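The structure under discussion is supplied below as structure tokens; questions concerning it will follow.
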């Protein structure tokens, strides 16, 4: 049986060594270490990896890390909400987000045209620039065809960008599909609506895209889910693994608890009852802010996988 | 300045009297009492009321309460996720859900064909019956027309039902639109996909529905938001109020905290920075399990409104 | 198997009827209903009832309810922290606490001599008045004897008061001991220290009081624990039941989760591993703000017990 | 204004570099980075540093880290609960704790004599060995004198140990007082009680110890508080800084939220209203499991301080 071990700092300790030590420390550190181990296993065993995250994580600096993971081959399928994709596009086209505080004077921010997301802020101007660019892109896409599955649309948008740190760019370049089941739930939805007003035959086909995610993997293939935060991003990925026989590997990282019965707080164990993950799967649920739990667990996994030459060049 | 007041039990105390007393007790009780007051105000001032909730709340017995609120005129626009609508339909067609426990043996449940949602369970059989009925309905709808906005589709489905406790039924009957921005994120998505496989020209038009929610209210109209839980349901409603000049009234009830920057935990204050709610709006954020916070706060509001004859007969 | 049941509002619904209905609704409502049932059982079966709470609950209006419960015979042993006892004394001697907001300007409050506890406030003046009264009481007690067990000291203080809504008063009057294992952790600790400076032989004997709580019940007696919030109040009560063979009934109501391994979040299940509660005990853990979860669950229990004439007159 | 910066993994990244990067990532990562900065400042400016933690953290492998911090001069005053001190003693005398799971069969554990703390376990045997050793030590202490302030007692116990990783040992060796305001709230309380049964004149003087913590610092001295978790440990430290004019530096790391008005969730801002921390103090509140948030933030601080030769040899 694994023993609790006293943690001691050593000079210049690496993240990898810290996460290794945390495996003997207790509470959520144990789970974080286990999550890291599951990341390693899903890659080593060639699982198709679903990476899901919510918009606020793209507002944060995790955006570049997600893009890097796609490049390194650690994400084969992305599922997310549209807000994050909007912000990824904004950043890829020169917009910058600022660091503020959780205790802001929100009326004052509103007067200044500043929108708050926790302790981060986005200027109205960034949304206006986004609108300009997006309406031109929609025109070009419409000229290609009238009916678009969501993931195809997002790939085309990604191909218009040129930013190593962009999720849309890296996904398009590396043939990683991005699924976004609620594509209209953001500023982009408004632009799509305005465009359709003048182009009645323009259709965004969400039903078609259900087929696309369903066929993005199969019963025979091993499947791994990395669900950061809750929401439909998480649900859509595990619905897909459910319909494909269940995932062999699953890591849920969230601040939500199981006690309210919500999807955000639903555990990897609950997922077994549905067949979303297999009965004998490798699973971990880590409670904590994803902005640090995910980098820690994933960095250790990357170091291990890199030593064994299992990452893309 | 309002004083803290010692609470004392009196025999046969009503919910209304308890919630009135809680307004002097402290912490989340203060907020719950305030939420109740905002409910009263939004109705008295003829605001267009957006009611949003997540699927797990429909799994729970709140489903009948939501249906009742539609009937009473306390909800003019519904925004939710598709899982809840599936379960509303199941219950309306005779399926029953069971009460289990949070600490289940999920592998055993899986073997028995039982799916767990917190401490509630749904049998696989209910999903199979749902599939049968839904494929027939889709055929009928397809015969009417090929291209459907989501809320129109949901209204037609509601009209096929006959259950006072059904959200879909009451909404259809009372001309309350139901918006579901991620209509494919559930078993229903799978059925839509299968149907489209054989009916290539069948289209679910989510972009059109963005226009529908946008035009469901206006800048001139007063607007109130009741957001239960987080997810795209909450976001979609406040995106709509934002585009219509901001809500005058907003109550958020959730178990999520603002500290992770998520939409689920985003406060009514943060919403002011975006213009989702107006600077001088009446707002309340209540932290706690919606299965009891919402009935308590809403029951007091109903009693008050009923005394003034402001509810539908 | 218990079914989920749709909840419907009926005019003038009582708290009792609501809590009965919540037993069929789901998630934490199920647990809240169960907690209420455990309250009934522990009283019906003549268990010795430990009621524990943290100071902030006494700052709130629950204070009067706790006092009422002592009077009604629903609490045989109180365990709490000293802050709450200070505030109970303040209120019993005329001080009033105010309702503020969670988002205060704390620097401004500090300048005004106002201390904040969440969305409640206490004036510096109340602490000064407390000091005046307490130093006179300590002098009187010292004249009686030099060495005091904590619960004896608190009883004497309670006897100086005359307020139906006071915990100290009702406990003293009804021979309900109050245990406070960290008696010095508050303003009262400072006053004790100042007093001892001039009365070197004055001793507060915490070790003696451990014997008092230990002997306040026995292996043979049935025991019930109602732990509101976490902290040493909760731990001290269940340590006592552990040393007396374990409790037959236990309800934990808290906002803390089990995931961090803290005492505040420790569940009634975890308590079984220690023998703090018996293997076959009746238990419930309710997650939520105690200012409303506790009144709801307890009011229903009081109504049931009152009908069977099981409450003190 | 500080910008959000995309995070990118670099091979062999150190904890220090990660925490530096997290300062630009967002949400709790921002706060964690700030906490680290406050740790550096309190040491650089020669503040008297209060380190407080709850028992479960000593059950975990943080115990060795706390001991190391005392040795390095990063903690001048310790405040904690007695459970942690018992476990520190056990580990120092050869007992080992195991890693289990949050979802245990607690009845089975109980039968096996295994006590669970989250996902860690402690054997009954460890408690029995503790009892043997402690009764001998109490006898020796009693022979020295009859009346003991708590911190003096704990120092004597620390001097009997010889374990670099022990908090009691390092504290005794480095003249760092340990305050434990609820000394009887654990197995140790039971042993004290049994001992006093046969030695009636044995007194543990908690009032005297209030003076000791009060005089452990002064108005003139700069003060810093590192409060890990909530409970009386946190409260006792900030009560002491309040009585000494307020702390210049404060970091709260916890999983509790401010919404319930509890001490565990009380923020560094709320502390300003009381004068517990100064109006212009450097403060940070980090929400998350302390088993990883604290090592991360503190490791970066240690690396920075070590480069400037500000740690004890």
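The first chain written gets the first letter, and so on, giving A, B, C and D; residue counts start at 1 in each chain.
Methods note: a contact is a pair of C-beta atoms (placed from the backbone, for glycine too) under 8 Å apart; a residue touches a chain by one contact, two chains touch by 3 or more.
Note that the coordinates shown come from a computational prediction; the quantities given were computed from them, not determined experimentally.
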> Which chain's mean C-alpha position is the greatest distance from subunit A's?
Replying inline: C
> Through what angle, to the nearest 5 degrees, does subunit B rotate to match subunit C on its C-alpha atoms?
Replying inline: 180
> Considering A-D alongside B-D, which chain pair is linked by more C-beta pairs in contact?
Replying inline: A-D
> Over half shared or under half: which fits the residue numbers at the contact of copies subunit A and subunit B, same or different?
Replying inline: same
> Approximately how many whole Å separate the CA-defined centres of subunit A and subunit D?
Replying inline: 36
> Taking each chain's centre as the mean of its CA atoms, how far is subunit A from subunit B in angstrom?
Replying inline: 26
> How big is the gap, in whole Å, between where the Cα atoms of subunit B centre and where those of subunit D centre?
Replying inline: 44
> Among the residues of subunit A, which ones contact at least 2 other chains?
Replying inline: 26-28, 56, 59-60, 103, 118-120, 257, 259-261, 269, 287, 289, 291
> Mind pulling up the subunit D residues that touch subunit C in the complex?
Replying inline: 54-56, 59-60, 81, 83, 102, 104, 106-107, 109-110, 114-121, 147, 181-186, 189-190, 192-193, 196-197, 202-211, 214, 229-232, 235-236, 239, 243, 255-266, 269-275, 279, 289-290
> Which residues of subunit D touch subunit A in their complex?
Replying inline: 1-9, 11-16, 18, 21-22, 24-32, 56, 59-65, 67-68, 91, 96-99, 103, 118-120, 165, 269, 287-289, 291-293, 295-296, 298-299, 302-303, 306
> For the complex, which residues does subunit D have touching subunit B?
Replying inline: 26-28, 103, 257, 259-261, 287
